[in-house]
Amino acid sequence: MWRTTWGACLALLTACVAEAAAPPPLAAEHLTLAKLPPASPHWVWVFDESNNNETDMRLYLYDGDSHRQLGQIDTGFWPGVAFSADGKTTAVATTYFARGSHGARTDVLEFTDNSTLAITGEVILPSRHAQTIPLHNVAFSPDQRLVYITNLSPATSFSVVDVPKKSVVGEVDTDGCVLVIPSGPRRVTSLCETGRLLSVTLDDGGHEVSRKMSAPFFSVDKDPIFVQGALSDSGIVFLSFLGDVYGVDLSGAEPAFAPVWSTATAAERGKWRPGGGQVLALHRKTGRLYLQVHRGGDGSHKVTGTEVWAFDGATHRRFGRWPIDAKAHGGVQAIQVSQDDKPLLFLMTENSDLIVMDATTGRQLYVEPKLGQSSWYLLNP
Amino acid sequence: MWRTTWGACLALLTACVAEAAAPPPLAAEHLTLAKLPPASPHWVWVFDESNNNETDMRLYLYDGDSHRQLGQIDTGFWPGVAFSADGKTTAVATTYFARGSHGARTDVLEFTDNSTLAITGEVILPSRHAQTIPLHNVAFSPDQRLVYITNLSPATSFSVVDVPKKSVVGEVDTDGCVLVIPSGPRRVTSLCETGRLLSVTLDDGGHEVSRKMSAPFFSVDKDPIFVQGALSDSGIVFLSFLGDVYGVDLSGAEPAFAPVWSTATAAERGKWRPGGGQVLALHRKTGRLYLQVHRGGDGSHKVTGTEVWAFDGATHRRFGRWPIDAKAHGGVQAIQVSQDDKPLLFLMTENSDLIVMDATTGRQLYVEPKLGQSSWYLLNP
Amino acid sequence: MQQRFDHWAERVSRGLARRTSRRGFLSAFGHVLTGAALLPLLPVMRGSQALAAEPGAKAAAAADPNSCEYWKYCAIDGFLCGCCGGSSSSCPPGTQQSPITWIGTCHNPADGRDYIMSYNDCCGKTSCGSCFCNRNEGERPMYRMSLNNDVNWCMANDNPNYHCSVSVVLGVAGK
Amino acid sequence: MQQRFDHWAERVSRGLARRTSRRGFLSAFGHVLTGAALLPLLPVMRGSQALAAEPGAKAAAAADPNSCEYWKYCAIDGFLCGCCGGSSSSCPPGTQQSPITWIGTCHNPADGRDYIMSYNDCCGKTSCGSCFCNRNEGERPMYRMSLNNDVNWCMANDNPNYHCSVSVVLGVAGK
């Protein structure tokens, strides 16, 4: 019986092989240009600062569902990056050199169509845009008509670009304050050395109409806040070196400061600290807050995280404490969360491994190994 | 006794510590610009093709004696590199983009003073210099007055730059042949698809006076030669895929071809093969020849080496067969030898570890780990 | 196949005609473009046939377009566009296809046939950096330009920056 | 020390005066440049003192100018120029010194003193890529510009490209 069956199988196999050899040859292929799928809230822009090759920084577009790299935007030397409110446009302010690494400096704001990843235009900028980490240094006005670009020479100011006109229409001195956080249709808020916020209101032409300095809202000496805040629907949330949360409502005539709360218990405070390059992420709809922490002391504010802590927006209860395999991937350098109802949490590690997690449960869904050379920031429209 | 001695030691230690705390504070330092030491034959130029960031290729200057990186020349996107005969000048032909990775293309020949590593001048080139491996694509004339730059558009030619005039004075069509090997005061030899050499003689103004095509000297179909030859005092030495050595004397009116000899025994032939990016090095004074080999078949000509073979120039006897720890460092991608009487052998591995060996004994002297991102060529004046 | 090859040759020719003399063009591309009759002169790989003889993991890799062992990549040198937002035969969004290419012959273990491949580069953005793959079956040095993968095949593009590489089936070899 | 610090401040001022308004300059650099009397306001590290308390390997590293643990590098962020052809206080050949800097205070375990350090960048060539070192004792965010190591301190150079970083002793802190 066995013998008979086996013999039949063999005969069948031979037939199958003969069959397989028979099909017509593959048709000639046509070289085409890939099209992006429709935009997804689970996309994330991975910023590679190309640490050893800083003139060649770039953004990779990555899909957290299909686990595919979808494309790339080149961003030159220490760019600032902003997305338009509708997510359709990326604006990159950067520096280029006429001879690659040397020669005449040209600062430029470049617009990319996010549906094709093609550059659609540029505006030459004053050659003093801030060359630093790519967060909060470029921003669109809510109506997408203006773009603000932080300058640092090291005098501080911001340039105002009129998008339809494709030109620089103004420059506003910020008196030592930095960042461009849009806080109204024509208002820009900056963070000052004194622990205050400077808000400058512009006219439609991009010229200053008025400015107002807030009261100090944190102690620059005792417990400074990171500049890497998370934009909320009404303003921005900052985190301090010791893990205190400073919610700022920028929607009114003056900034309103929410009561400060701590992400660390009394026992943890000062021993577990947030750290890395991009230290917190906010799910705007639910107010859920995510940060990476490590065991460390003073001066460890750039040490990467070994755990992710997740907090409820209303109760400030820690609903997740998720250890990361920092030995395998390096510690967590950057954190980002998608803004949809089934949010993904993205962690970028020191080794440029991208960890994709369920932001509700902390379940690790996928690890994309070595996505770029030093991909230390995660951006989202 | 022990007790007494220990007591005395303790007293002494305390005294020493007190003493150590007493010296005056460190003086303020002055920020200075480092000067290069005098040129050494044990210097080697390490070409980093920055594989993941190809617009940012560079040359590192490395000292094989002190094991120090001495400086850097930036070389843009797929440069050709040449040194003047006196070793004082580096000429780099490369491509730059007005916007880093995009925008208008500018091809340029840049001169660097090798005693300061500062760029001393440039000549704008026709925008078609060959973007390929950095060997034999740029060359000085022996009197250093002209520089030849291979063009590839993909039509083949070479540009002629007059160094004192700092301008392009001519362009010579090479009819499909490639490389610029100086073969006389005003003669340039190129390698052709037919297995022949094309030699073009120029006048002082850089214009073609005459050209001559040699007989075929190898079989392009049966056993092609690598383009990465080693310059000798009288011409160039090529190596074939199967490890045959083709010595070419370019000093006479026509190329003279030495009898071909094999680096592999009959038993080894076709099983052990040369491979990698830069496959052979020649110690010009002694004629000693060095190559890296691996076990492999057809199509393995870029597989990196697991052994270095060293041959006597006159007898063709293999006097060294030196295994490399390819597991620790990656296989050998490039090989170079210093031209002095106590020559160093430099091996660059796939992982960009630089191995320094005694070229006479094969003794490994030093390993410089991870010198650059993808430092796959080693250049010497 | 003939039609497709002619189309490719025509496209290459058109691209080149704008940039170079007819003489330089023909000498650079040699006999490859003079007609399909000469196609059998192209090298036929041995390495890939050896690969086809091995079962299991290698066979799976030979069928995976994002693996360096994919059968179509037998002489590719660069970043696989399939890891960069494109595919084995499409360029990523925002890049430009190179009109000129190097070519090779790859053995497809699935049907036992050898195919002529065109290895195009995708151009205009900086190096993708993912899935670097270097295989050299039938690859030849720079003096045989049309079989060489060491030169930047974006060289003739308006923006000659190199981003990634694809491998496009042109047709069956030697038919 | 006073003389040296004045010299540095003067050099910084001269570099800046060409490029920016007095107001912007003062606000960016705050009180740091207004006089040596304010020097004690600079942060004094704890991390480096902890390091000094440990013997053996760490002490050796703290004395090695090509180690990231070298005492002078307590708030450096970049490639150590000593690995790039320079030294802990000299720029590699062919680069240019940045006239503006960030500053910090480092504890020298060899003499038990705290020193004010100037962290200059060396500019004009592309990233050196060797000996990356990031330490942040007393480092502060960008809104405290003069204590921040996240901005490119080559920003005001004729060629603002970043190559590597040095750490220069300005003098004893708090004296």
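All chains are identified by letter, namely A, B, C and D, in their written order; residue positions are counted from 1 within each chain.
By definition in this document, a residue touches a chain if its C-beta (ideal position, glycine included) is under 8 Å from a C-beta of that chain, and two chains touch if they have at least 3 such contacts.
Only a predicted model underlies this, so the values are computations on that prediction, with no experimental measurement involved.
Interface comparison, A-D against B-D: more C-beta pairs in contact at A-D. Set against the C-alpha centre of chain C, every other chain centre is closer than that of D. Averaged Cα coordinates give chain A a centre that lies 28 Å from the centre of chain D. Per-chain CA centroids place chain B at a distance of 36 Å from chain D. Rounded to a whole number, the gap between the C-alpha centres of chain A and chain B is 41 angstrom. Chain D has its Cα centroid 51 Å from the Cα centroid of chain C. Shared interface positions of chain B, defined as residues touching 2 or more other chains, are 52-53, 55-56, 74, 77, 97, 100-103, 119, 373. Touching of two or more other chains is recorded for residues 125-127, 129 of chain D. Taken together, the chain A residues at the contact with chain B in this complex read 50, 52-53, 55-56, 74, 76-77, 94, 96-103, 106, 108, 110, 119, 122, 373. Chain contact summary for the complex, chain C toward chain A: residues 1, 4-5, 81, 83-87, 89-97, 108, 110-113, 115, 118, 120, 125-130, 163, 166, 168-172, 175.
The touching residues of chain A, counted against chain C in their complex, run 20-21, 23, 25-36, 48, 56, 58, 61, 68-74, 112, 116-119, 371-373. Residues 16, 19-21, 23-25, 27-30, 45-47, 50, 74, 100, 124-127, 129, 132, 134-145, 150-152, 155-156, 159-162 of chain D touch chain A in their complex. Of all residues in chain A, those touching chain D in their complex are 51-55, 77-78, 95, 97, 100-103, 105, 128, 130-133, 152-157, 173, 175-179, 191-193, 220, 224-227, 297-302.
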